[in-house]
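Below is one structure, written out as C-alpha cells, with a few remarks after it.
First chain written, first letter: the chains are A, B, C and D, and each begins at residue 1.
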C-alpha cells in the first residue's frame, strides 16, 4: 500500500499517518519527493484504505496488491481448462452450451436435446428455478424439471447446466446437474458462493449487471478459496444508459479477464441483448474476441416458450450459427466442444 | 397494451399480429392513422412484449399498465406511515436511524445507544451478518450480536434495524429485530422477498446498485403481495461512471417514488458516498428533498471500527447534524422521529 | 402520438387534455378501454411531450414516429454504400481505415502509408487538430499536417480521413481530406453538423461517449437534412462504470443500427479500449458482428508516438490482424476495402 | 508518478522500465518491497501513463499530481467569490439565477424580469442560441434576443447569463451578457474554452452528461490557464441507466468539488430532472448540500413556452420556492444573492 501525501502536507501530518499505520502493524517507508511525500506500507493486516484517506494531509491511498489471489494469473499462469463429459471450456477449447431458458416439459427437452446433440452441442441448459422480476410470473418446475433435463441429457450424452438460486437447492442440484450456474443477481450472494466452494462440480458465475471485472473475480475467489477449483465466468451484459438493448454486452471483458485470470470466460449473448436477431452477430463477435465458450438460448418452438422466447433461437437458426462460429473459432485458434 | 405498427406494415402484417394476440386471449382494437396503425389489446394474460415486437411490421409495443399494483399510489393514494416503537416513517414524519455498521461488542453498542438516544434518535442500526466483497474479511458476530443490540435498544427504548441476508436467518431476526433490512445486493433475491411477505414486521428494501426505480418498486411488490404491508424503501446510491464517490446518491428518486408510490422512502448517505465528510451535506440534502427518513452510520470511535469506519460519523458530528436536519425538516413540513 | 391516461383519470381530465392538444393543431381520437383511456393524436406540429405528461390524469405520452427520418431504413430500405477512391463502406463492403493518431512528420506518415498500402489498406487516418483534455498537451500540426497526409496518400493511392473540430476548419479540410471525421465530443455540435450538411464529401460521425443510439442517428439526420447524403457512423465505446477499459465498446450497436438505418456503421477499437493488446480481439469481434469497416490506430513506431501510442498497433501487428479479419469478413459475407 | 511492478517482474523488467523513463527525462527511485517493487519517477515531461503500463512486468502506474493546477484548492485555498452586479457566487453566498429557457419576445422577458426582480433574484437567464437535438426544432432568436434580455435586465438591475455555443459568438456575447454559459455538450469544446480564457467576464461551465468531476475541473483549467480567473461550475445531471428522470442530478458532486477546488459550484435542477414537479425538491436539496447557487427555469407562462416549458416553474411556484431556500440557506450558513 502506498500513501501519497498532498504537496502542502506538514511534517506533523506525515508523522500522524506513520503513527496511525504502525498501530495497524505496518512498517512505513517514507520517500520525500520534490513535490510531495510518499509513504510505502509493508506488512500489517487488511485495512480499509478510506480510513487513511481521511487523515489530514493525505491525497490518495493506492493498493498495490490484488484483492483476489487464487483467481489471478500471477498465482496460476496457465489457462484452467474445465472438462465436463465431452465438453471443454478454456485453453484452446470453446464450450458451447445451448438449450431453452426454462424446462417446460419432457417433450420440449427431448426435442431440444435431440436437435442440439445432432448439431454438435455438448452441454444443455434449462432452468428449473426461475428468478422473476414480477411475483406474478411463472417460477419454474423445480425438481421435476431437473429430472427431465438429466434424463434427456443422459440419453444424448450431454452435460447439464442449471441455475442454483439458494443454498438449500445445492444438494438437489448436485444430484441432477453437472455445472451449477450462479445468476447475475446472485453474483454477490457470498453465503451461496462459500457453499459452492465446498462442492466438487464446476461452478459458472455470471457477471452481475453492475459488477466491475474486479468484483466478478472476487466472487470467483469466494468459490476458489473454499477449495473448489472448477470455476468459470460468464459475461452477460452490463447495465448502461442505452435503452435499445436490454443490457450492453461488454465483449472487451474477454481479453481483460483473460489477461488477469486463468479462469475460462464464456459469453451469454441471449440475456445480454434480449432479442433473437442480435444473438447471432454477438455470438460470432464473442468467439472472434477469443472467449472460451457460449451459452445460447435455443428453444424448439420459441413462439410457445413460457419465458424469454423472444431471445431464443430456433434449432435451425442455431444450426446455421454453429457452422459460422465453428469457422471463426478455427481462425482464432479455438476448437468448439 | 398498445401495438404500434411500422408505417410500411402491410395488411398481412396487421392480420398476423391480431391473430397472434387473439391466440393469447386478448381482444384487438385496430385504429388506422394517417401514417400508421395502432392495435390496442384488452384482456389476455401476462405476455412478454418482445414476442410481439419480433413479429413482422411491428415498431414498438407499449405497456399501459404498471407492473406493480399494491405499491402504487393508484392502488393506495394516501401515504403509508410505519410506526415502530417511538419511530415513525412516512407522511409528515422522517424517521432517523443511526448506529454502527457492525455490532462489535456490548461496550461499543452501549456507548452508541446511550449517545444516540440522548440526541433524539428512535431507531438503532447494527449489522450482525455482514456481506463482504472479499472472502478474507470479517463476517459479523451473528446471534451474539443480535442479543447485544436488542439488549441496549431495550434499555434506551429504541427500535432495532438489522440486515437479513438469507431465508434461514428470518426466525432469528424476528426474535431480536424490529425492522428487517434487505441489502442492496439482495434487492432481487426474490425467494427472500417472498418469505418476508409472510412476516409481521416492517421490511426496509435498499435499492440495488443498478436497479431502476421500477424494479425497486417491483421488489416491494413481492413483499406486499405476500400480505406484509409494512414496507419501506431506502435509496443508497447507484453505480455510475463517476469514481470520486463510491456510488452516486440519486436524490431525485425521492420525489419520483413519492409520486408513484405510497411507501416511505428513506436515504442512506453513508453507504452512498462512502466518506464521512460527505455524509452531513447529503443528509441535509435528502431531508430538504422531502425524504421520510435517514439511515446514518454513527460509531462511538470510528477510527477503531472494524468495518466502514471511514464513512461513520462520531456522536458529536452526528449531534450537530441532527440539529441542522431538525431545522430543515421543519421548513419542508416534516417532523423527525 | 398516443396519450395514455391514468386509470383514475376523470372525464374532466380527458376533456382538458383533448382541448389542450386541439389548441396545438392535433385531432384527437378517444379510445376508452376497460381500465383506462387512450387518446390518439394526429396532425399538429412538433410538441414537447412532457407538456402533456404534466396535465392532470395523464400517465404517459408515447411518440409513435421516429425523430429521425432520412437516416431511417423506413425512408431508404437499401444499404447506403460510400465509395471514396478505392475504399468502400456499407453493403457487402467493410472499409479498413488505419494510421497514426496524430500527424507528426512527413517521415512518419510516409513510412505509415507505405506499409499500410502494402498490407491492403485503402484509407489512411491522421489528426491535424487534436482535442486534448489538458490545455498543457500537444495540439496538432494544423495545415502543415494536412499537406503531409495528402501528399503521402496521393503517392500510395489512399483516401484520407481526418477530424474537423470546428466550422472554421471546414474549407481547409475540404482541400486536403476525403472524409471529414466528427469526433465523439462534437457529436452534438449541431452548428458544425449543419455546415457539414452543405459539403460534398463523406462525413463520419463518431458516437458520443454518452450518446444513445437514437441521439446518434439524430446527429446523422442533421447532416442528411442539409443535403449531404454521404454519412457514416462510428462506434467508439460508451462510458460505463467499468474502469478496466477506457470505454466500453458497444458492439451490439452494430446490429441495432443496421436494423434501424441504412447508413454504414464502422468501429474504432483503438479509442474504445485505449490499450494495444485489446485492439486485435475487438477488431475481429467487430467484423464478426457485421460492421461496415474499422478505424484502427497504427503507428510505425508506437513507442515514440506523441499521442495515444499505447493504443497503436505496429505495422507488423496490424498485418497479422488484417489477415485474420480478412478471413472472418468472408465468413460473414463481407469484403475488405 | 509511481510505477508498481508485478510481484513476478524480473530484474530485466525493472531495468527496462527504468531505462524507458530515464529516456523521457525522469529520475527513477527504486524501492524493493517484500512482495513487489515500486519505482518513483521525478521530473520528466508529461507522459501518457499507458505507455509505461504496456511495458513487461508493470502492474499499474499511479499519477501522484493533479492534472489541474489553477483550479485546485492546493493552488488557492480560499473560496473564489464571483461578483456580477448585485449577484454573488461562492464563499458564503449562493447566487440565484432564474428565467426562461429561451428568449421568445420582449413581452415575455419584461414580465419575467419584473416578477423575478420583485422576488429577489439578481441574475436573469435566457437562451438566444439554442442547441437542439433535432434539426427540425426552433433554434433561437440570436442577437435580437440578446438585445431584449439586456434591455429588461438593465431596467430591473439584473445581471444577464446566456449560453455561448461557438467562438464566433463571443464578441456578440461580450456586448450584451454578464456571464457566458458553456453548455454541457460544449464542456470539452477545448477551442471554445481557450478563447473564453481570453475574455474578462465570468464563465459558467456546465458539467457534461458523462463527464467525470476530474474532466470538469480540467475544462475549468482551460479557461483559467488562459488568464480568466472568473470561472464557476454548474452541475446539471449525469447520464445513468435510470429512465424516470431525464438525467441523474449528482448532488454529491457539490461537497466533492468544494473539497478539491476553490471555484463556486452551482446547480441546475431544471435540466437535470426535466420535470417541473421535481425542481422544487431538488433546489432545496442542492442548497442544503451547500452549493454556491442555483440556475432555475422560470417562465411567466410555461404552458406557452417554445422550449422546455415542462421543466419551467411559474413565477408563483418560484416565489414559494425562493422563500424556502432562503430559510434553508441560512441554516447551512449561506446568503442568497
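The rule is short, and it goes like this: a residue touches a chain if its C-beta (ideal position, glycine included) is under 8 Å from a C-beta of that chain, and two chains touch if they have at least 3 such contacts.
From a predicted model like this one, the values you see are computed outputs, not experimental measurements.
Enquirer: Which chain lies the greatest distance away from subunit B when centres are computed from Cα atoms alone?
Expert: Farthest from subunit B by mean C-alpha position: C.
Enquirer: Go through B-D and A-D and name the pair with more C-beta contacts between its chains.
Expert: Of the two interfaces, B-D and A-D, more C-beta pairs touch across B-D.
Enquirer: Roughly how far is subunit A from subunit D, going centre to centre by Cα mean, in whole Å?
Expert: 38
Enquirer: Quick one: report the Å distance separating subunit C from subunit D, using the average Cα coordinate of each chain.
Expert: That pair's centroid distance is 26 Å.
Enquirer: Need the CA-centroid distance for the pair subunit B / subunit D, whole Å please.
Expert: Taking the mean C-alpha position of each chain, the two centres sit 31 Å apart.
Enquirer: Which positions in subunit A are in touch with at least two other chains?
Expert: 210, 239-241, 243, 277
Enquirer: Report the residues of subunit D in contact with subunit A in the complex, numbered from low to high.
Expert: Interface residues on the subunit D side: 2, 4, 6-8, 29, 31, 33-36, 38, 40, 42-43, 59-60, 62, 64-65, 74, 239-241, 243.
Enquirer: Any idea which subunit C residues touch subunit D in the complex?
Expert: 46, 48, 50-51, 53-54, 67, 131-137, 165-168, 185-186, 188-191, 193-194, 208-210, 215, 218, 221-222, 225-226, 239, 274-277, 303, 307-311
Enquirer: Could you pull out which subunit C residues touch subunit A in their complex?
Expert: Within the complex, subunit C touches subunit A at residues 210, 212-214, 238, 240-245, 248-256, 259, 272-273, 277-278, 281-282, 284-290, 324, 327-328, 331-332.
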